[in-house]
Amino acid sequence: MVLKVTNLEKDFGGIKAVNNCNFEIKENKITTLIGPNGAGKTTVFNLITGLIKPDKGHIHFRGNHLVGLKPYKIARLGLTRTFQLIRLFPKLTAMENMLLVRSNELERFKDLIFNPKKIRHEENLNKQRCMEFLELVGIPEKHNFLAENLSFGQQKLLEIARALATESPLILLDEPVGGVNPKLRDKIRNILIKIKEQGRTLLIIEHDMNFVMKISDKVIVLDEGTVIAEGPPKKIQNNKKVLDAYLGGNKK
Amino acid sequence: MKRKLNYPRIIGTIIIIILIISIVIGLSFNSQTKEEIVIGSIQALTGETAKHGNNVKDGIDLAVEEINKNGGVNGKKIKIIHEDENCIPTKAVSAAQKLINIDKTKIILGPTCSSSSMAVAPVAEQNKVIMFTPISSVPALRQAGDYIFRNRVSGEPHSIKMANFAYNELNARTASTLYINLDNGISYSEEFIKEFEKLGGKILNTEAYEKGLQDFRTQLLKIKENNPDVIYLAGQASQNAIKQARELGIKTQIIAPTTLQEADLFDIAGDSANGIYYSYESFDPNSKEQVVSYYQEKYKSKYGRESEVFAANAYDAVMLISKALEKCEENTDCIKNHLYSIKNYEGVSGITTFDKDGEVLKPLIIKKTENRKFVFHSN
Amino acid sequence: MAFSQLIINGLIAGAIYALIASSFSLIFNIIKFMDLSPGAIFVTAAFSAYAFNVLFGLHFLIALILAITVAVALALLVNLIVYQPLIKRKSDSFTLLLASFGVFLIITGFILLIFGAEVRTFGLPITKGYELLGFIITKTQITLIVTSIVVFIGLQLFMKKTKLGKAMRAMADNKQVASGIGINVKKITNITFIISAALAAIAGILVGLEQNIDHNMGFLVILKGLTASVIGGIGNVPAALIGGLIIGLVENIGIWYLPSGYKDAIAFVILIIFLIFRPKGIFGVKTREETSG
Amino acid sequence: MIEAYFIHLLILIGIYIILAASLNLAMGNTGLLNVGHVAFYAIGAYTSALLALNLNIPFWIGFLAGGILAALFALLIAIPTLKLRGDYLAIATLGLAVVVESILRNWTSLTRGPLGLPGIPKPALFGMTFNNNSYLILVIIFSVITCLIIYYITKSPFGRVLKAIREDELAAASLGKNTTKYKTQALVISAFFAGIAGSLYAHYINFIDPTTFSVLESILIISMIIVGGLASVKGAVIGAVILTLLPEPLRFLPIPSFAIGALRQILYALLLVIILIKRPQGIWGEFTKQKENGA
């Protein structure tokens, strides 16, 4: 078990965005979080990554309590996320965008003075490692391009490559194929599966149903902030409660 | 990846080349033709002290025009080059370096602002160039070097004369000072306090005002609270203080050093500026002496307004230097010694004598403002 | 007796800062950048009023109107040539701040070129101020304070009641939404510049009457105006006027105790304290809540 | 000897290069809109001058003390001001520059206020005092070292984080960067070099007073990196050269003397506005890389 969320709750001015939400993520598996718009999916991501604090509930990640930790402390524990709206650094090159997630210890100012050789050496190692990830996502030739000069698709791939570059075991992907053409969607799916095979655990928010069904080992359905169903994709597909949630059936 | 011809970088380099070429062209144009004596002048032509800088420039131009009209010095015309320093020492030093090294001038008139004079003095001294300022009053200039002269009486004698006048003539026993927060204001105020307390008087408060300030009300209020017998108002741009004092109903007798007499005093302060006693170098714009009235006419015809003391000082400075040039051509050591030897020169700005530090000793008189006129009062 | 005079001194200085602050925050409200050019408009208006009245000998009221038109025309010109191209290119507000400083230097440079460095004055007769309830205040000083109060009330009513005022506030809140519901953004921006320039011009002329005019006085005045609008509440134009009065008072009371050399420093220390602890200012309310209320 | 005039200009350019390059580290690289850079310049100058005049500490220790004190002042003001953003940081630092200048002007017991500090000794080494030519060499060494260090910093991982903070501080924070610490370090390093420039200026002109360190000086340095190009050391150097040389040719043109001052101010401001409108990334701006890389 990598991540365990127990009776999580978050109230935004009277509206319960997340209400008594419980789920677990298995090691080395792809789990997707689905649900109609406003079901609280991104809020759950924000709660896990510490951007916002929950009113109630606990989040355990490999034995650590995440609630109350600052975002950059959670990131250092090995949990990284991508953003719905791509948060790359526009005027930095693709390589620089990736190196930024890796070189935390190299970036101290005192290292610059006391051990410049160590920095140059580790920088090269980082660069090689990042090239591998760029090759994995298929855009190695763009490493020197400014992020803002990449196409939308290439930026999506770079965002994934950057998440990989953190070497963190658990990656949270917020709509990795949102607004992407079908050819690229399949390409991203293969990449994500390859990443899982390399030992990573993925938690994905996505709307595209056939993408979800093809890629997920387990699907969790969220509606009005609570988990209404979870299990393998086939079981979820014809679960009555899930259809009601999506089709807006009889609201209690 | 081949670097494309980068259009903006070319503009950058072109701008730099243009700048350098224009400086070099400037140099060539500037070469000194044999029959001319070049004199440099560094004045504050912009910024808050621009008014005084331009006054000095007018005095210099008037004198140079006159000398050139009757044949220049030993047949050589004087060419004056004005540079602006805007009261910023770095600019003054750049101007001095240009005047000394490019225009090859041996004499620099100015600078106007004391901070600039302090910065230029070492440069002039090092290059054995005469620096003659008709206006900077910073006391430290006295020890700035052998080639450094000034024909403006520094703060000390003015304040001593006014302190005595206040204590003995006006029987004032308590006083307050309101001075401009610049070197001249500070030295006027300190010297006045030293002398007044030596005579047995008591100083109630000392208030400073910043250069360029227009609102003196709160400082005046502090002084009004203490109700001194006399207020010593020291520093240029003080007309508004007098106006606001009268507006605040302050009837205390105001006394001042030479900075009071500015052409626009009555335009700004109107009748409220009447009845003020102040010390002045013996330059009396409407004195009957031939040399002064002749100068005043020429000044008025050329500039349409009465000359002030700094313009008169500048005029004298040029005249003194032209006499020295007549004797020594451009040998600055000879000019230096000549200037030191000047005794009782009948200058427009008063009878001038130089002491061993290049400071000027001029007799001071007490004047009074009466129905919008600057009137002689006593010696 | 001294204390009431101190308050009046503060109000007189505060009235000047208040007028300039209102001119400053009007522009900030619409185009969200700190525009230093009202300082130059302030000086231009004072000098043109001086030129029309004293040099050309026109009646003071005509000179006043002509000076305001000159100031407004200059402000519109600046908006057209300098600010609109920058806004079109979506340059950040700091670039606009720097451009407005460049404009300030150019305008004051030209004034120096035309009028020279002499200090000018309208030459009004100097009379002892009226003596009432323990303090002394002159006619022009009264007009100054009254004008700033009138402008304060006027702006309050204008922004709340008139159609134009509401449109301005809508634009201040969210330009896209405003243009969405049919507000002609270009027209409103120009009108804002006109009102802002007029206010700066009035401030300049009144100061010209009260003290005297020189080409240097604009820079410190606009910095104080900026401080006032931050303290009052940058999103809220009438509040800027109150900010101005506060600075005037605190400065004058401050130098009663501290050496008067620290006058400007006092205003900027207040600015820094507000920026750190209460950037919204005293009355500043997030413009979103204000309009959606 | 004409070259003395050029040497003087080159020395000024050298000092302004250090100021522009150091400001570029904070403003161009990290996006800190610091309009109070002149305050660090002033502290460096006054520290070095006062140490030399009162305790006759030689320049070689004075300039370091100047840099360190300026850096400490930067650390002091960083904590409260660095949480401000954009324009608010700009006017807060502008306010700071005014406050520092008025302290210099009014704390007469320490700084002699407007009387300034005359007679600051020129640096000396083994009996040889640095004068014009030799001073130029000293300034060149200092400015080259400063540019190399700042270039090295901007190219290092540390510099990369600064650029990330400039681009999107929130995103940088979510990647685990303690942005306040990095911004403070950027400001402190930038202040250190500005302090050294102040000391170099004081020991060259041998006289300093509050008027030299007015807010307008800050705006001049900012214009240098805007004209030269934000976020590039080469840009800062070009900007410094152009804006220092710009007013010089005016001296040689036959303009009526009363107009010289006004024209100089108009010309300099006009160039700034034109560059802002026509070429926001400045003549040597780093953003030009964008065109090279974009296929």
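We just call them A, B, C and D in the order they show up, numbering each chain from 1.
Heads up, the rule we're going with is that contacts are C-beta pairs under 8 Å (C-beta built on N, C-alpha and C of every residue); 3 or more make two chains touch, one makes a residue touch a chain.
Here the structure is a predicted model, which is why all the values come from computation and not from measurement.
Peer 1: Which chain has its C-alpha centre closest to the mean of all protein C-alpha atoms shown?
Peer 2: Central chain is D.
Peer 1: Using only Cα atoms to place each chain's centre, name the chain farthest from chain A.
Peer 2: B
Peer 1: Roughly how many whole angstrom separate the Cα centroids of chain A and chain B?
Peer 2: So the centre of chain A lies 73 Å away from the centre of chain B.
Peer 1: I'd like the Å distance between the centres of chain A and chain D, where a centre is the mean of that chain's Cα atoms.
Peer 2: Chain centres of chain A and chain D, defined by C-alpha means, are spaced 43 Å apart.
Peer 1: Roughly how far is chain B from chain C, centre to centre by C-alpha average, rounded to an integer in Å?
Peer 2: One centre to the other, that is 35 Å.
Peer 1: Averaging over Cα atoms per chain, report the distance between chain A and chain C in Å.
Peer 2: Comparing mean C-alpha positions, chain C is 51 Å from chain A.
Peer 1: Give me the residues of chain D that touch two or more other chains.
Peer 2: 105-106, 113, 258, 261-262, 265, 293 - these are the residues of chain D that touch more than one other chain.
Peer 1: Do you know which chain A residues sit against two or more other chains?
Peer 2: Answer for chain A, listing residues that touch two or more other chains: there are none.
Peer 1: Give the residues of chain B that touch two or more other chains, as numbers and ranges in rising order.
Peer 2: Chain B, residues with two or more chain partners: 45-47, 50, 54, 181, 210.
Peer 1: Every touching chain pair, please?
Peer 2: Pairwise, the chains that meet the contact rule are A-D, B-C, B-D, C-D.
Peer 1: Residues of chain C touching chain D in their complex?
Peer 2: 33-34, 82, 85-86, 89, 91-95, 97-99, 101-106, 108-110, 112-113, 116, 223, 226-227, 230, 259, 261-262, 264-265, 268-269, 271-272, 275-276, 279
Peer 1: Can you list the residues on chain D that touch chain B in the complex?
Peer 2: 1-5, 8-9, 12, 105-106, 108, 113-116, 118, 131, 201, 205-209, 211-212, 228, 238, 241-242, 245-246, 248-249, 251-253, 257-258, 260-262, 264-265, 279, 283-285, 288, 291-293
Peer 1: Once bound in the complex, which stretches of chain D touch chain A?
Peer 2: 152-153, 156-158, 160-161, 163-164, 167-168, 170-178, 182, 185, 189, 286-287, 289-290, 293-295
Peer 1: Which residues of chain D touch chain C in their complex?
Peer 2: So the residues of chain D in touch with chain C come to 33, 80-81, 83-84, 86-88, 90-92, 94-96, 98-99, 102-103, 105-106, 113, 219, 222-223, 226, 258-259, 261-263, 265-266, 268-270, 272-273, 276-277, 280.
Peer 1: If you look only at chain B, which of its residues touch chain D in the complex?
Peer 2: Interface residues on chain B, with respect to chain D: 1, 3-4, 6, 8-9, 11-12, 15-16, 19-20, 22-23, 25-27, 29-30, 45-47, 50, 54, 57, 82-84, 86-90, 93-95, 97-98, 100-102, 113, 115, 118-119, 122, 126, 138, 140, 144, 181-183, 186, 210.
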